[in-house]
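A short write-up of the structure that comes next.
Per-chain residue numbering starts at 1, and chain names A, B and C are given in the order in which the chains are listed.
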Amino acid sequence: MIFVFLLAPAVASALLALVVRPYRAAVGWANGALSLVAVGAALALWREVLGGRVPVAGPDDLLRADALSTLLAFCVSLVGALAAWLGPGLGDDSWDATQARRFRIFANLFVFTMLFAVTTDNVGFMWVAIEATTITSALLIPLHASKASVEASWKYILIGSVGIALAFAGTVLAYFDFSTLVGRETTALSWTLLREVAPALNPRVLELAFVFILIGYGTKAGVAPMHTWLPDAHSEAPSALSAMMSGVLLAVALYAIVRWQAVVGRAAVSPGFAENVIGLLGVLSLAIGALSLVAQRNYKRLLAYSSIEHTGLICVGLALGPLGVFASMLHLLNHSLAKSTTFLLAGRVLGRYKTAEIEGVTGLLRTMPWTGGFFAAGMLAVIGLPPFGLFVSEFALVRAGFAAGRPLTIALVLALLAVGFVGVLAHLNRMLYGPPPGGVPIGERGHWALVPLGACLAALIVLGLTVPAALDGLLVSIAGIVTP
Amino acid sequence: MDSLFAQLVVLESSLALIFGLVLLWRRGVPAYVNAFTWQSIVLALVAATVAWFGRQRELYVVAALLVLLKVIAIPRLLARMERRFATERELAPYVNTATSLVVAGLLVLFGYAVMRPVVAASELPTRAAMPLAMGLVLVSLFVVVSRKKALTQVIGFLVLENGIALLALLGAYGIPLIVELGVFLDALMGFLVMQIFVYRIHETFETLDVDQLDRLRH
Amino acid sequence: MVPWAIEIVQAALVLALAPGLVGVVRWLKARLQSRRGAPPWQPYYELRKLFGKEVVVSSNASWLFRLAPYVVFASTAAAACLVPSLAVGRPLDAVGDLLVVVYLLLLGTVFLSLAGLDPGSAFGGMGSSREMTVAALAEPTVALAIFALALSAGSTNLGQIVGRTLTDPAAALSPGHLFAFAALFVVMLAETGRLPVDNPATHLELTMIHEAMVLEYSGRYLALIEWAAALKLLVFFALLGNLFLPWGVAVAATPVALTLALGSLLLKLAVIAVVVAVLETRVAKLRLFRVPELLSVSFVLALLAVTSSFLAR
């Protein structure tokens, strides 16, 4: 039943937007209200999971929500709700009715595919759903058809599809070994079953499969060196979509990797195999993300590169044992909140200044005091400054690194974070102060849209001061799932 | 019986691989579409062969779907695009033809190397052909990264999908039908969306040369 | 006594059949192109006529020019004798190695190119240089394809390869065999000067390779060279037919087996002739700089052949 409340709102909203034409604001309001239902369902799942139950539903237990699924379902539905309230057609009025309708249809389908991906127990369907996220989101990137956005979406769909196809090849390789063990039924792709029989699987085959899976889903997660599409797509997309892509799509792709890591971790592969590959790619992504931050001239691209940096950070955490998994899952939640908020704020800035170039934006604090202030807070959160949640999760990650006996890796990570920190701070400084360029109207508009964003920032501050017991319990059980 | 089965799938897989190599050697898009169509026919044959010898009834459904989708529907749409963009030929790919072919040969060698543990772990009569499927996957990846025209890249991607489908058929007699249906749906939708973008690239850039897509550099 | 008799019968048969094969291919092509075409036995008339004609030799030509036709014919005829067209277990099987056959044919090619250069005519030099390019590019493919066959048979001896495939019919469908077949087929097109590498039916100066080299020849020299070219075509056809689909080749020296072998040989030659004729009707000649690409296709095929026969053992 919970699953119905989780998955149905997105489908219903998409259908509604499809049926009602031309687009009316009522569709947006309904969409916003329904999206809150999904958030409620995710919270209900959370309570179930904390109570030690694992809700399942559907034929062959197709849907299953353990702690890991719950965390992701919460992130996705929350960011989905933010996008629903603040996206084209409701909170963002720079789009016409056709564009708003298209956004409502595909963005809701996008949310649905992500929610389905994180709540299905079948790794085959998980793949199908993640592939579908590419299709649904690619159509939204060129909402304004311009050369740059067409280019960005082409790179996105091509690289994304090819990457995800490789993940399918990996899934097939793992399934092949597995089907000889278990037999050829639909349940044969069940993650629960897969994890159970993992110790009996052929380690060499599983290693090969995992490399394919890591490259495949890693492409969607923006793991370097397969990240090249990400800055383009995230910067050219409408801000509400950027918020979803950067905030949760990367997390969903990482989720798929974590699911498989949990399987591989239990198999008889060479010790530390999965951790080593993930950690290596993580450090590489972190390095590329952090170093690119310095050279950016476009603030949406800046945020996109910062997402690569954080993906790398989460990957590094996954390689550091149970403590590391705890830290990186906390970081995933923090990053979802911080990045989607900041992207939505960046959308407001873009709407006012009509340029995404950092040079073109000055005196932000004077033109839009609230937006500017929030944007600054969001940026500081993103680079991991206290009192925001990302500081705590990065700190936990560093501690996990020392506990796992990897001081050198941690030193490298800290150095790269410092580089990114300096890079972002320099750009931010330029944007906030100075005289506003001529022709940009001064004064805040659409105050109410700032309320949810402010709430997110407040939540980040709470997470920076303490990890609530409910969250702690969830993260501990995730660590138990991922590392045996 | 098993040896005939093994020989047949190896034969069919070799053909599929050769049709994949055609993408590196020919230049006109009609030749690519033909190669893709024939490869899909061969793929459907593999499905039917595995269905018959491996006694997997549901694979007949897969074979039928393959024919419908990849032998009839997609080639038609491709041919329509081809007529529209008749002047867009793959004249100067990033890697020249002779080098491409040698690289493809090395990739197939590499495919054999990485598939050794998999082949060793398998007891199916189809195992001998699995490296060929992996070779096809790697070769089509190379096609996607080394060609310049959007349309060629799409065809390369379709061939990649064929390679993976072949791998699934050979390695595990196909994945469960219900998942397979989802995969087919994704393949079709993905192709349609790519098609939309090919048209759109042509509209906005007046060429299908992705070399022209260089506006976004940090 | 009997084995040598078979040997002689086979050699005579091959020598006699060769011009006919060329005639059949030409005739088939003509029919496919809706022309009436010369009858298949036309090349015999041509050879007879050429043998009766006077020889004209350029005053610039050296002894090499006069020697070359004999070397070309002898080496090709020797190669033709070694190929198990009819039967295995013949006395010459002992030296009937695939490497020997291929390099005997190459010896003929080398002499023909030298002869093309010798009189110092522009066309001859052009033809020779092109022929050498093609031969040099085809060489690695041939070597690799031979390795592929040798790996699965455990020997480069033609008789043994045929025997091995006969005892293990499944091997004929192995990917190694198939790729090697495809590779050798492409090489055959290149080496025997067929479309899409060279057009045997044209004397258009810009495109010709083989015809450019033999432009200076006349009379019996030309007859020998033409006959050798026909023989070469037959050798390749027979190799393709008997190495990859050896059924019908006589293992025992009984009249029934030999008759059967003759029948199957003719059938195989006819089938390959049809394939070549259809191909030549369908495809256009490649521009010269595309030829290396075609040959790298065959090289890749041969590489795949070696890989799969090496790794699938």
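To be clear about the criterion, contacts are C-beta pairs under 8 Å (C-beta built on N, C-alpha and C of every residue); 3 or more make two chains touch, one makes a residue touch a chain.
None of the values given here were measured: they were computed from a predicted structure.
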Most widely separated chain from subunit A, with each centre as the mean of CA atoms: C
Identifier of the chain whose CA centre is least distant from the whole-structure CA centre: B
Chain centre separation in whole Å, for subunit B relative to subunit A (CA means): 31
CA centroid of subunit A to CA centroid of subunit C, Å: 64
Whole-Å gap separating subunit B and subunit C, where each centre is the average of the chain's CA atoms: 35
Multi-chain contact sites of subunit C, meaning residues that touch two or more partners: none
Subunit A, residues touching no fewer than two other chains: none
Complex interface listing, subunit C residues touching subunit B: 170, 173-175, 178-179, 182, 292-294, 296-297, 299-301, 303-304, 307-308, 311-312
Of subunit A, residues touching subunit B in the complex: 122, 124-125, 127-128, 131-132, 134-135, 138-139, 142, 145-148, 150-155, 157-158, 161-162, 165-166, 168-169, 172-173, 175-177, 179-180, 184-186, 188-189, 202, 204-205, 208, 231-232, 235-236, 292, 295-298, 301, 305
Partner subunit A, residues of subunit B touching it in the complex: 56, 114-115, 117-118, 120-124, 137, 141, 144, 150, 153, 157, 160-161, 163-164, 167-168, 171-173, 175-179, 182-183, 185-186, 189-190, 193-194, 196-197, 200-201, 203-205, 210, 213-216, 218
Touching residues (chain side subunit B, partner subunit C) in the complex: 3-4, 6-8, 10-11, 13-14, 17-18, 21, 25, 97-98, 101-102, 104-105, 108-109, 112, 116, 128-129, 131-132, 135
